[in-house]
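Note that the chains are named A, B, C, D and E in the order they appear, and that numbering of residues resets to 1 at the start of each chain.
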Amino acid sequence: MSTPEAPAGQPATPEPDSRREAIIELSHTGVTFETRKGNDLVALDDFNLTIYREEIVSLVGPSGCGKSTVLRILAGLQKPTTGDFWIGGGKTRQGFSEVAIVFQRPTLLPWRNVLDNVLYPARVLKGRADKDDRDRARALLALVGLEEMADRMPHELSGGMQQRASIARSLILDPKILLMDEPFGALDALTREDLQLDLLEIHERTRKTILLVTHSISEAVLLSDRVAVMSARPGRLQDLITVDIPKPRGPDSTARPDFHTYSQRIRDDIFGPRTKRDRAQ
Amino acid sequence: ADKVNFQLDWTPGGISAPYYLGLDNGCYTDQDIDVTISRGYGASDAVTKVATGVSDFSVTDLGTIIGIISETGAPVKAIMPIVSNNPSAIAVLEDSPIQTLTDLEGHSIGSSVGNAAMTFLPLGMTDAGGDYSKVEEITADGSALTGLLLQGKIDALASYVTSVVGINSVAQNAGKSVRAIYYGDTLNLYNASVFTSDAMIASNPDLVKRFASAVQCSYDAARKDPTAAIDAIVAHVDGMLRESQEAMVPNSVSFAFDNDIFDKNGYAFDMDRVAHNIDMVDTVTPLTNKPAVTDVIYDITN
Amino acid sequence: MTPALRKIILPVATFLAFLGVWQFLSYAMEIPIYLLPSPVDIFHGGTRLGMTMLTNTGETLKTILIGFACACLVGIPLGVLVSVNRTVSEMIYPLIVFLNAIPIIAIAPILVVIFGTDMTTRLIIVTLTCFFPIMVATASGILDTPSEMLDLARVAGASTMTEILTVRLPHAVTFIFSGLRIGVTVAVVGAVVAEFVNANKGLGFLVTSSTAQFAIPTATACVVMLAIVSVLLYEAVNWIHRGFFGWSIKSNVGD
Amino acid sequence: MTPALRKIILPVATFLAFLGVWQFLSYAMEIPIYLLPSPVDIFHGGTRLGMTMLTNTGETLKTILIGFACACLVGIPLGVLVSVNRTVSEMIYPLIVFLNAIPIIAIAPILVVIFGTDMTTRLIIVTLTCFFPIMVATASGILDTPSEMLDLARVAGASTMTEILTVRLPHAVTFIFSGLRIGVTVAVVGAVVAEFVNANKGLGFLVTSSTAQFAIPTATACVVMLAIVSVLLYEAVNWIHRGFFGWSIKSNVGD
Amino acid sequence: MSTPEAPAGQPATPEPDSRREAIIELSHTGVTFETRKGNDLVALDDFNLTIYREEIVSLVGPSGCGKSTVLRILAGLQKPTTGDFWIGGGKTRQGFSEVAIVFQRPTLLPWRNVLDNVLYPARVLKGRADKDDRDRARALLALVGLEEMADRMPHELSGGMQQRASIARSLILDPKILLMDEPFGALDALTREDLQLDLLEIHERTRKTILLVTHSISEAVLLSDRVAVMSARPGRLQDLITVDIPKPRGPDSTARPDFHTYSQRIRDDIFGPRTKRDRAQ
């Protein structure tokens, strides 16, 4: 197991560019939930992570370790009980043009069709959606393969389609920071690969900062500049790995030997020194 | 003892105080009657309750009894009069220019829909030589009418003369005063009368007579000692306010009994007057099956 | 039988059956008119009024509709208000419940004196009688919004106002219509009370005046007319719900 | 200030402020007693009745509580019934709306004849007045159940009955309590109506008899007592909702 | 691309055991959804599949191709508009002791705690849950790593925990047939591998028939006796592959060369003869 990164600013791996600028910072952040019975549940404990502008960082770790909680803190939906955080110049909710999120469950408004759901952040921000927004929305729906579904109501979509619609929604206002909670989890291999490549392409073009929760180790390695590995409850940062695979990346990147080295390191972090059939609790 | 349910036409008070004095004075037990007096829910409801046997005896306006017998054939008959004059009046502010019924011309009068005091007003005005078509009628809830009158939003208010005492007490609280213009006597009509069902008359005519005697006993006692009647009702009924009853009971009792009709007939109906009563009801609310006097009255004296 | 046809035929058939049973019982048990007129009696009582019945129904309907519309305009925003802010809610909700519990009869005098004896007072009475169910249902719906939808609105940068308009109110539609269904039947009762308190026309007026004229079947005919108005308005609310907010209607039981 | 304390202090403070403003306006605008007695007048009017007020409040409260309980026992199952089956719903729902629209006043005599002049009739009247909001709200909730929960129940082999008991009714709890909140305030009105048409005691009786005695402040005091009962019962329903069905309560607006 | 299997009963690959008994059959099954605008959407078209007792069959295919629809038909939740089907001796809903399902979205009842949610099928079937059921439920919660969460309410669980709870629920009545819609989709690599092995072990022990929707090709190969590959809308059976990897399988199976042959065949089926960045519609 690698040693966890020291507090933000002193990464365990060498910094590729010392001039880079922090855009997200979590320092000693902790979240404790009170349960009904009064005994507390520590969901996140002394979590430290700095993310720099234009980075793609992946968050991996066992189910229930606090990945969604980190994203919710950054989205302004969960107040940390201890420690502090800071995102894109503030702590408040800033709207989808600054910080956009793809939730773990696709959350579409059941009373709006797919197109209007994608347009929702624009409506919130500007009061109404204009022709340009509409065109953008259709383009994004095409990107995620849903152009034919624009007029459908959410309940008429399959699970994966709903997830894709919410990915399109997250991009509608061209956010500076993108928080994605297992965005490709419900997608088949084909669609998933396509969207991974789309994400890389979008990043290449718009230089967004992206924080991505994923359960796929290869996805983490393929997409990320750095991979943050979390330990089981209470969630802590266990390892922080800088992925030095050259860009632009693509399907060919997965064939590189260092791709497998990185994957193996993450696997080792997660699976740890356990014997087969041990269960991490 | 015979168990008897006696239902009033409205909540206890005023003219119904003597029934409670009768309880204290043993008027009912003397007649071997075990009476339960309960409040009423309006003139028509009283007839329904007696007709259906929910109560054995009740008291209500004779005109109402006539109307319901005509329209529905309800099996009830009046057995004795209590209030022998129609108390219909109009109430006006003390300083109102309206002095007589005819002065109403060109003024407004307020009434609640279907108010008994309103029923005979056109007739009363015609009798007095006025033209009712020149009167502006305004309908509003009873509780709102007093306010409208005192605010000067209506010029007069259709009411029972016995109620004007109460309205006046309200007015005096606000530094005003109202007076009644009474015309009910010109109509020559019976008002509150004790009645029972045909079934009761058929099955127990003796009880009917004894109950009438008990009622007479009660009213005789109250006439002698109105204060005792006030004490009795306040003692027997929750929510009775002595002050209010002091204002209402003597006034109501006096209105009912201090007149020629009672002097002449006592607790018995004058059948000609009843016939006139039926005619008058037919005039104001045309009757489908105009009853005969014997359809309306059971003569307890024979 | 098409569903649309079913929707009309079934209730009408039930209603006719109900009338049949009622008529039979009336006849068989010799229920007297003064107690409860039979359907046939009521029908004759109604025809005695002829066109008067219809014009007065129109009057009452106008009062109900405008009053109900006012109640919606009052009740829905108030329902939002009392659920928006905990302090506001804890402060004014009990006061509204208190005021709502005061019978119209008790405040009729001041209403009539302030607003006069015309339509305005009747509308106010209808509004006061039926805004409450609409308010309570709206508030319940506003507070029932799933947290995931609120999360979305919030991350999208929605102000409380936007959150309410774009997420909470749409979610509350099912609740609001539940309140409207209750409210519209209460509005009918409110209109009758308003006409008892203050009117010289309308079905409420006809009921009292017929009663005063001992015409019990006629009075009952007016009551029945009111009940029919109530059913039609109820169905109208249902129809608006289905027609304009169809997305908020979920499956039936047993499919 | 703890939340529990807030919940008591805030409404009481608002209420006192409301009384203060009312008293001031009464005084400043010289509103006469016959229009609307001031709080002080009402207080004096109430004390004229002394203990009678309390014993009669107890009577009325009993009627309200038992009647409301009956309304729940009628309204909730009926709400389930009319939403369970489309045919049943289309057949009987309009009939229930029809019957619900008939004013109690119109059927009071026959109720008294059938059920007597005692408590039973009053309870029936309260039940008839307030089952409807409960029924409508229950039906709306039953029909609002998310299809994914129904899917679960169905694959688990649930009969319609089990589906209702284990999924639909729990989901409908928020709706049902919305209906109960409305219903309990209607029950108070229902009890007063019941006492108007059939009672020798209770606050409804006191209102009528005080009015007949031209004691307007006393009548108003009884009305105010009724409104207070209404607020307390409303809060009791809220409290039961929070205490026993806390899981059904979601977030407040603005957190 | 392989040729699709001919109508059920004539598999493209040789039948391993001719005496085996069909337990699920879909013949010429089709589902067409009416959309609001009146134009129909064919979600499933002439779908044929026979599943034999004790088999594990995986269903893979692009997002929106009708996988969930197939499961919903078999669960009795969706009437096919054309064709016919047949499951475990009938068509009706038979209860979780016969046919249990794990939905694509974890569907927990929000008013019951985790334990009671797991016990729900027992309550439905028997009216109440007894001590034995309770013990079973706790054992299953332990199996999915949620023993500490038994008393929690569903909204207190992470996404993956909810999914695990619904897996536990599907097993509570020891069903003969198990329908699973991406049961491991929201799980991290570690938990996922554990549960895959648990599923194999359970199958080994209880010989359930399992129909599993998955987006993971390696999961499909690892777990299945046969893999059904579906084509994009309208959903049809595109390929049916018998996986002849010896049992019992385990992590070591993935190292076998035929594992990769099978994986590659499925990949080829899905990705087809497409050039990079072609989007399957």
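Note that a residue touches a chain if its C-beta (ideal position, glycine included) is under 8 Å from a C-beta of that chain, and two chains touch if they have at least 3 such contacts.
The shown structure was predicted, so the numbers you read here are calculated from the model rather than taken from an experiment.
When every pair of chains is scored by its C-beta contact pairs, the maximum goes to C-D.
Superposition on CA atoms relates subunit C and subunit D by a rotation of 180 degrees, given as a multiple of 5.
Subunit B and subunit C have CA centres that are 38 Å apart. Subunit A and subunit B have Cα centroids lying 85 Å from one another. One inter-chain figure worth recording: subunit C and subunit D are separated by 16 Å, centre to centre, where each centre is the mean of the chain's CA atoms.
Between subunit A and subunit D the centroid-to-centroid distance comes to 50 Å (mean Cα coordinates, whole Å). For subunit C, the set of residues touching two or more other chains reads 34-35, 106, 109-110, 113, 147. Multi-chain contact residues, meaning those touching two or more other chains, occur in subunit A at positions 105, 153. Within subunit B, the positions touching two or more other chains are listed as 48, 52, 143, 146-147, 151.
Across the assembly, chains come into contact as A-C, A-E, B-C, B-D, C-D, D-E. Of all residues in subunit E, those touching subunit D in their complex are 72, 75-77, 93-96, 98-101, 103, 105, 107, 109-111, 120-121, 123-125, 153. If you check the complex, the residues on subunit E that touch subunit A are 33, 35-37, 41, 60-64, 67-68, 104-105, 145, 148, 151-153, 156-161, 164, 181-182, 185-192, 194, 197, 215-217, 250-251, 267, 270-271, 276-277, 279-281.
Looking at the complex, you find that subunit D touches subunit E at residues 148-149, 151-158, 162, 166-167, 170, 173, 245, 247-248. Within the complex formed with subunit B, the residues of subunit D that make contact are 32-35, 48-49, 52, 55-56, 108-109, 112-113, 116-117, 196-201, 205-206, 208-216, 218. For subunit C in complex with subunit D, the residues that touch the partner chain are 6-7, 10-11, 13-15, 18, 31, 34-36, 83-87, 90-95, 97-103, 106-107, 109-110, 113, 132-133, 136-137, 140-147, 150, 160, 163-164, 168, 174-175, 177-179, 181-182, 185, 188-189, 192, 207, 219-220, 223-224, 226-231, 234-235, 249-254.
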